[in-house]
Every structure is written in C-alpha cells, then in structure tokens.
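Same chain, two partners: chain A is paired with chain B first, then with chain C.
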Partner chain A sequence: MSATTPVIELDMISKRFGGLVVLKDISMSVGPGEIVGLIGPNGAGKSTLFNVITALYAPEQGEVRFKGRRLTGTRPHNICRLGIARTFQLVRTFLSLTARENVLVGAVYGRGSRGGNVNAIADEALAMVGLTQQQHIVTEHMTLSARRLLEIARALACQPSLLLLDEPMAGLNESEIERMVEVIKRARGERGLSILWVEHKVDAIMKICDRVVVIDHGEKISDGTPAETVSNTKVIEAYLGEPIA
Partner chain B sequence: MRERITVYLGGVVVLGLAMVPFVPGAPDSYLFYFLFLFFLHTAIAQSWNLVAGFTGQISLGQHAFFGLGAYTTALIWQRQLFGESYGYYFDPLVLILSGLVAGIFALMVGFPLLAKLRGDYFALGTLGFGEIIRVAFVKGGQFTGGPFGIIMPSSVYETLRPHYWVGLALAGGLTYMIHRIRRSHFGLALISVRDDELAASSHGIDILKYKLIAFALGAVFTGIAGSLYGHYLFHVSPDGFLNLNWTLYPILMAVIGGSGTVLGPVVGAFAMTAVFTLASVSYPEIHPIFSGAVIILVMLFMPNGIMRLAKR
Partner chain C sequence: MWQFLSLGLLAELTVNGILFGAMYGVAAVGLSLIFGTMRIIFIAQGTIIILGAYLVYWLFTLGGIDPYLSLLLVVPAAFIAGAGVYQALFRKAAAISDKNTSLLIAVGLMFLVQNTMSYAWTPNPKSIVTGYTALGVEILNMRLSFTRLMSMVIAFAATGAVVVFLRRTLVGKAVRAASENMQAAMLMGIDPHRVNAIAFAIGFALAGAAGVALATTYPFDPYFGFVFALKALIALALGGIGNVVGALVGGLALGLIESYSAFFISGGWADAISYGVFLLVLMFRPEGLFVRSIKKA
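After this line comes the complex of A and B, so read on.
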C-alpha cells in the first residue's frame, strides 16, 4: 500500500437486512489512480457494498471516508458533487434525452464546484468513449453497449476523482467487452482516475486491475494483486467449492 | 432551424389572435368565448404538463390550485384588502397574488408529499390534498362563504376583451416559457428526474428541489388561471372551482395532445375545447357520451398524443 491517503476508505463496514448479515466487518480502500476490482460469487454482497459507498444504504457499523471525509448521511446528489460518479448494473440512461444531453446532465449538475466549460467537458467525455458520432441520437434508440459506454461518459462528465463501475461488461459480447476495457484503461490513463470496479466477468478484471478484492458471504476473503488472488485457496474454494477431502 | 420557424410562427399566431378583439362585433360572437376557454384550458394543461409531462410527477390536485387562485381573488376583492377605491377588477397584483397563494400551498404540501411519496402514491396524496382544500372551503363558514361561495361585484363587467387578452398572454407566455425550459439546463434536470430519479440524483441533481419547483410553478399558473376564470364568473364556489373537473381537464388535454411536448397541450386544449363546445351546442342531450367517445377514439389511435403522431 502506498503512503498517500486513499481516495476512498471503508472501515469495518457491517450491514444487515433484518436478521440477514450481508456485509461483515469489511475494510478496504482505493488509492489515487488505482483500479481495484471487486469480485465475488452471486449474493456475496457486492451490490450492497456499492450502495453503502454511494450512501444509498447506511451501514449499521463502520464508516466510509472519501479523501478523509466521512460520507455516511450525505445525500446522493452531494456524493456526486464531491467527486464520486457511478454507473449502473442495469443501465440507467435518461431514455428520452439524446446521448449528448445525458452527458450534459453530468457536466452541468455533477461537478460541484469544479470549474470548466460545460460543452467542452461534454465533448471530451463523449470523445473518450467514442460516442461523438452518435451524440444526437435519443438514447432510447441506442444499443445496450452504446448505453453502457454512454453511462461511463456521463459519469466522466461529472469530473470525479473516483469512478464506481457496477458490472459494466454485463450483457456485452467479446468485441464490445474489448472496447469497454480500452475505454476504462483510457479513463484511468488520461484522467488519473481511481476506479472501483464490480464485475462478474473475472477474466476482464484480472487483465486490468492493480488490485482485486474478493468477498464471499459478506466477508472479505482476499485482497491483493490479480496474481495473488488467483492462487489464493480461499478464493478458489469460494468459486469452485471446497475440495473433496 | 425548424424550431426557430415554429417559434416565429407561434409568435405570429399569438399576435394575430391578440388583434381579434379589434374586429368589429368579434367580442360578442360565440367564437370569441370559445377562444377565451381555449386559452384558459391551454394554461391549465401546460401547468400540468410542466409537473407531470416534464418532471414525471402526476398531480391530481390541480383543482385545489385553481380554486385557491380564484378564492384568493374573491377574498381580496370582497374584503377590499387594498382599500375601497382600489380597482380590483383585472388588477395585475391581484392576479399575481392569486397565483402566488396557490404556489405557496404547493410548496407547503409538496415538500412532505414529494419527499415521501412516489408515483401512484404521490398522485393519490395530491388527490387527498385537493379534497381537503375543497372540504375546508365548503366548511369555511363566513370566511369562504361555505357551499355557496363568494360573489364579486359583476357591475364592472363591460366586455370579454380583458379576459381574452389575459388568457392569451397566460397561454402564450406559459407555452413559450416551457419551450425555453425544454432547451435549458433547468429542463435537463426536470426531464432527467422524470426519466430516472436514481440516475439523476447520482449525477448531482437534487431531485426533491426540482420536483418542488415544477410543482410550485404549475400551481402558480393554475392559480392565475383560476383567478382569471373567477373574473369571468364573478361567483367563486366549491362546485364551480374546487371541482375535480379542473384536474381532469388539463390531464385529458395534455395527454391527448402529447404530454411532455411543448405544443401538445396547446393542440389538446384546442381539440378538447372544440369537442366539448361542439357537443354541448349540437348534442346537448348526449354531450358526455359524445365527448367520451371522442376521447376513447383518440386514445386508441394516438396513444402518445397528437403531437407525437405528427413527429413520425
């Protein structure tokens, strides 16, 4: 771990739904410019963790800190203005708006006090994901992969320092996945963004991430480089089941 | 470019309509009254369009705002709030105050409703609010005139001209405002709240704030329309003004014309005013049946409204 303060830091987070413990004492962090993958089997608690970070859920225990500042209780629109932008697992573009208008929403409302020209920011974000040509299409008429890219552009237009990606590969084919990987690499390379990336497709995560965190049944079972992760016996057990002894 | 031409044409049409009262004999014709009703309907349809069509919050309490606007005018006038010699008839201050009172009620009621309720539940909440206002005015005793309401001095009435002009200004101004909103950053926020609240709030939009602004703006203009209609009837009563029709008409007109479009409610208001007028003049005995049949036909063949059909 680097000596600099992490962009986002989770400290002993626990979350219950009634009697069901969904997250248990989870601590993790994402450093400046780092891409961290968050994986785990179905129902491991990935989405819940995501919603805790974006303050949609309040944890029973522990706290989330963004650049050292406590996030618990912050309203969602202020989370974005502080510098945390996200995409959604089930794509949520504004369907009746054009691609450009979608991105403008981020550029106009999502940036808090970060300065700059709204139109230039929208242009740049659209170019970053390669949707400049399609910017005047109403998103209702766009393909799933284009909408996923558009969500990333809309998030980038908020000029965040942390980007949260919620399964951006879901439903995409091989070539679309490749394109998405390129976009994510570029976003990090050109902007120096920190990225926390939840994904089901483990191979894509292993290719790009600096670090991978694995959770299973609400507990963190591994936190290390992709190479360390694939050789971790707990991880292998979580994905393949316990070895027959 | 096409849009510019439309705005330009709209301006010409409004100017032309503004000249109509100067045509000899025109203010006494039935058509003149029809146009006045059309403007009034456009204003309430556009108000609802702003809240529901653009921001996605289905309000079923518009009749409360219509009534509040009318009662505000009636109470100010009856009690001679600004002194005995003050000219209350078509006083801009009275009209604006009537809108503001409706808007203030919208803010007070909208804050808890919009913060806590979504979708159908918000709609039912506004319906409940509308009924509470109606009952409050019926039971208001001396202050509101009870079920009978308040009579204003109709001796000031000379012609329908001022009603016509104020109605035209209200309808035209509101439509132009909505056109500007549609193209503005403010409009972007409203539409994004309508399309996806969660995505809007996670991109920095304070959704409660924008819902409230839209709800209050819609109430202000509905209130002014109520005041205007009060100026025409000179008798503000629960039956005439706090009637659920004043919620249903704007919805019907906006939806039939195309809600969420700039010109849809204008087209819808014109079409429905024509249908209602035609039905009540030509087939008075089957008026509701005739109007109902037309509404069903339009819904069947143009499910997204007349304006959306024109776009294809």
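After this line comes the complex of A and C, so read on.
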C-alpha cells in the first residue's frame, strides 16, 4: 500500500431498491487522516452509502475498496474488525448495558486480531469523549448527547482506521455541538483517523472538513474543498432550488 | 370446596403452584433467550424438554443412571445439540429478514421430534420411579414432595446461571447487545451466527435441565411438549419478553394461577383461565406485568 492509497475508495457504486435508483455511479474516496464531509438534501442517498460501505447492502454495481482491498462479500461484523467503525443517525447504544460495557463490546469484538488490553482501550476511548465519570451509568439513563458521544467512544474502541459518522450532531444544542466538534477534532488529531461524516449541520462540516462531497438524488454533484463547495452552482441549486430567471 | 380450605391447604396450593411454575419459568427463560437474538418464538422448546425427559428416562431404565446424576450428561449434550441444531437448520434462515422461515423450521422440528419420540418410545406416558419419588419433606407442617422441591431448585439454579452469564461474562454482554440491536452489534464486530448459536445452545441446555425436572416429577408423553411451549409462552408474556428474570417470575405466576384456579374454580377451568390471563395481559399490559414501563429511545 503506497502512501497515496486512499483508506476507502468507492468505485462507480450503484444501488437500487426495486425500480428506485438510490445511488448512481458514485465514486469517491477518503485519504489517510482526511476528514470528508458528505452532505445532500434529505433522501439524497447518504445513509444508503454508509450501509453499502458497511456491507449491510450489496450494491448492484461497482465496488468498495478498503486500503486497496475489495470488500465485496465481506460480512458486516468483519467490516468492523478490518477497521471501519460507525455511529448511527438514530442512536443505537445498547440501552441495558452500562457506558463502559458498550465500549467494551467494541474493544473485545470490534478489533479483529489487533492485540492490546481491552480495559485500557476502553478507558482511553471513554476519556477521549469525556465520559469517564459516567462510565458505570446504564445507557438507558443517559442524555442524547452523552449517548451520541458514547457511540463515538464505542466506535473508537474498535480501533478503526476509518470512522463513519452518521449525523452525530442531530438533536444536540449549541454547546453540545461545540463539544462534539472538539471530540471529532481530537479523534483525528490524536489517532490520525480518516473520517467520513454525514451531516445536516452544514456550517459545522464547512468548519472542520478537508473536503466535502455533495450528493443529490443519488448522484455526486460536487467534490472539493469547503470553499469550492459553497460556490458550486449545482450545490446551491440542490439546496435552494434553481434560479428563477 | 370452601369448607376444606385452611391456612395449611392454602399454603400447600401456593407451594405446589410455585413448584410447577418454576418449570414453566425455566422453559420461558429458554424462549426468551432465543427470541432475544433470533426474534422468533422457538415453539419446539417444550418438545425439546420432553426429549430431555426421555433421555433421562432412557439413561435411568437402560443405564441405571440416577436422574439427578444424568444432569451432568444431559445438560452438556443439550448445549452442544443446541449449537448444532442452529448451525444445521437455522443458520441460512437467520440471515434473511423475514422471520417466518425460521418460525416454520421450528414448527417442523417440533413435529419431527414429537413423532420420532412417539415412534421410538410409543405414545404412552412414561414416568420414572426411584427410591425417592414418594419421599416427602416436612417444612413448617407442610409435606412437600422431595422431587418437586428438587425441580424447583434446578429451575432456580439454571435461571441463576443464565443471569450470571448474561451479566458478568463478555460473551453474555455480547448476547445482550445483540438481543437489543442486532445490526448495531454486527457493526461493532459481533458475529450474528455466534450469538444465535450461543442462544440456542443455552436454550437447549435449559431444556435439558427442565427435562430432568419434569421426568422426576410427572408422567410425560411425546405430545405434551407443545402444551408446555404454550404455557412457557404465557409465562413469557406475563414476565415481559426479553427479560430473563421476568420469564421465571412469569412462570411462577402462571403456576400459582393454575394451582389456585384448579382448586377454587375447577381443574377443567385451569387451562381456560391461564389462556384468558394470557389474552388479558397482551391486551392491557403487552410489555409484561413485571417490567417497569419501557422507555423507548
């Protein structure tokens, strides 16, 4: 693997549900240590793209490569063990388990054959998101923002090289969003993680991401720096509608 | 019958209800575990219990092995058989989102085992008679059957072991995680086939223990298993699906309901009343009687 091999590479991915085309010829990549934002109007196909990467859906066409290796036919639990961890738009922490137990699930099962002390890994992941104090609370009793942070800790405990974030800011208030931004920056800064981040809070994306990919109706309409993205007429049309005259 | 009613009789009805209910409970715990990861009611659970009972009978009559000693053989054998049954019959079906296929396989398995048992051992009821079958234990002026008491101990110990496994071990935590959200568990590296196989293995092991408990206390025939599974289902509904301790408590409650209604109303009404309670619970408290109201995220 050369230094320029992307961590994740999507090559002409198409996905249909019956007659409905949800993704059409999507090609994109995330490089080592890069944070890429993925935005688009509701129903653009962002979550479907995540589900294709994590092998919950098999694409009709195209392939996904992780560090140059084809992922076609890999079962979802092995995707995580290879080094792709994710969070969920609708939070899916294990409610009957404590925060620490949630993180331990990632540390024990999510890391494949990577060695190390699972307790130390769990401690570190909890500390990274600032939940050390709350680690023995059963998740059912935690706030939404704490659960969202916990999902990130659980994903970090899998020691991934690629982190997929599915709207980690959804439902959070301003101060919680600030905290989340700090956590994401730290995860990248301290771990050198690559991050692919779906978000509706476009301003947050524009502040942190190295690159932004925009999809609309299942097609990629823009791929560039935040500055390039905001001046792209296709993007403006997708979000605001076509100009009248 | 009121003229016969005394405090002692009431106590005896209660104790007997609890003793029989413990067996419903342990069957319900098995159902609860398999439902947790597979999302199907494993309707063959009762029939597997009967198979366990036949195995105990067979070991006793042919091998002269004491029924309680045979726990050491039956439970591990059932554990392995459970994992094997999952791998052989359910693995493919578990991977598809439509659960009806898995349910139908369970129904098919139930009929297959029922009829094989009927062919092998005849449909006539069998029972195990040992030196201690008629033994009674005096506790607080009540004469309790030794074997029923042992059955209750087995049921409590088996449920306790499952609770410790789920709460204290890493594999147990993985099973709980998968029961809550299989997709999220999968994307955190948990192999769905592993946790399903573990749920089946433990479910069968519990059926083995319940088989010993049943064989030593009551006569059984190959077709009793289906009724047993239905009773376990009622216990599960009473206790709240997905709650292991609740399943045992649900079983105890059902045992009490049957015991009281058989005496105060009539033996013939006991079943009708327990199914009636089942419907009422599903209608008015579908989350179960012993669950604090569930908050959904």
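Throughout what follows, the second predicted complex is superposed on the first by the 242 of 245 C-alpha atoms of A that agree within 3 Å, B and C clash if a C-alpha of one lies under 4 Å from a C-alpha of the other, contacts with A are read in each partner's own complex, and residues count from 1 in each chain.
By our rule, a residue touches a chain if its C-beta (ideal position, glycine included) is under 8 Å from a C-beta of that chain, and two chains touch if they have at least 3 such contacts.
It should be emphasised that the depicted structure is a prediction, and the values quoted were computed from it without experimental measurement.
Undergrad: Let's test your reading of the overlay: on chain A, do chain B and chain C clash or fit side by side?
TA: Aligned on chain A, chain B and chain C clash with each other.
Undergrad: With the two complexes superposed on chain A, say which partner A:239 touches: chain B (first), chain C (second), both, or neither.
TA: Neither partner.
Undergrad: For chain A, which residues belong to both interfaces, chain B and chain C?
TA: 54, 75-77, 79-81, 85-86, 88, 92, 94-97, 101, 104-106, 108-112, 154-155, 158
Undergrad: Within their complex, state which residues of chain A touch chain C.
TA: Going through chain A, the ones touching chain C are 54, 56, 75-81, 85-86, 88, 90-92, 94-97, 101-102, 104-106, 108-112, 140, 147, 154-155, 158.
Undergrad: Under the stated contact criterion, what part of chain B meets chain A in this complex?
TA: Listed in rising order, the residues of chain B that touch chain A are 185, 188-189, 191-192, 194-196, 198-207, 260.
Undergrad: Residues of chain C touching chain A in their complex?
TA: These residues of chain C touch chain A: 170, 173-174, 176-177, 180-181, 183-192, 295, 297.
Undergrad: For the complex, which residues does chain A have touching chain B?
TA: My answer: residues 54, 75-77, 79-81, 85-86, 88, 92-97, 101, 104-106, 108-112, 118, 154-155, 158.
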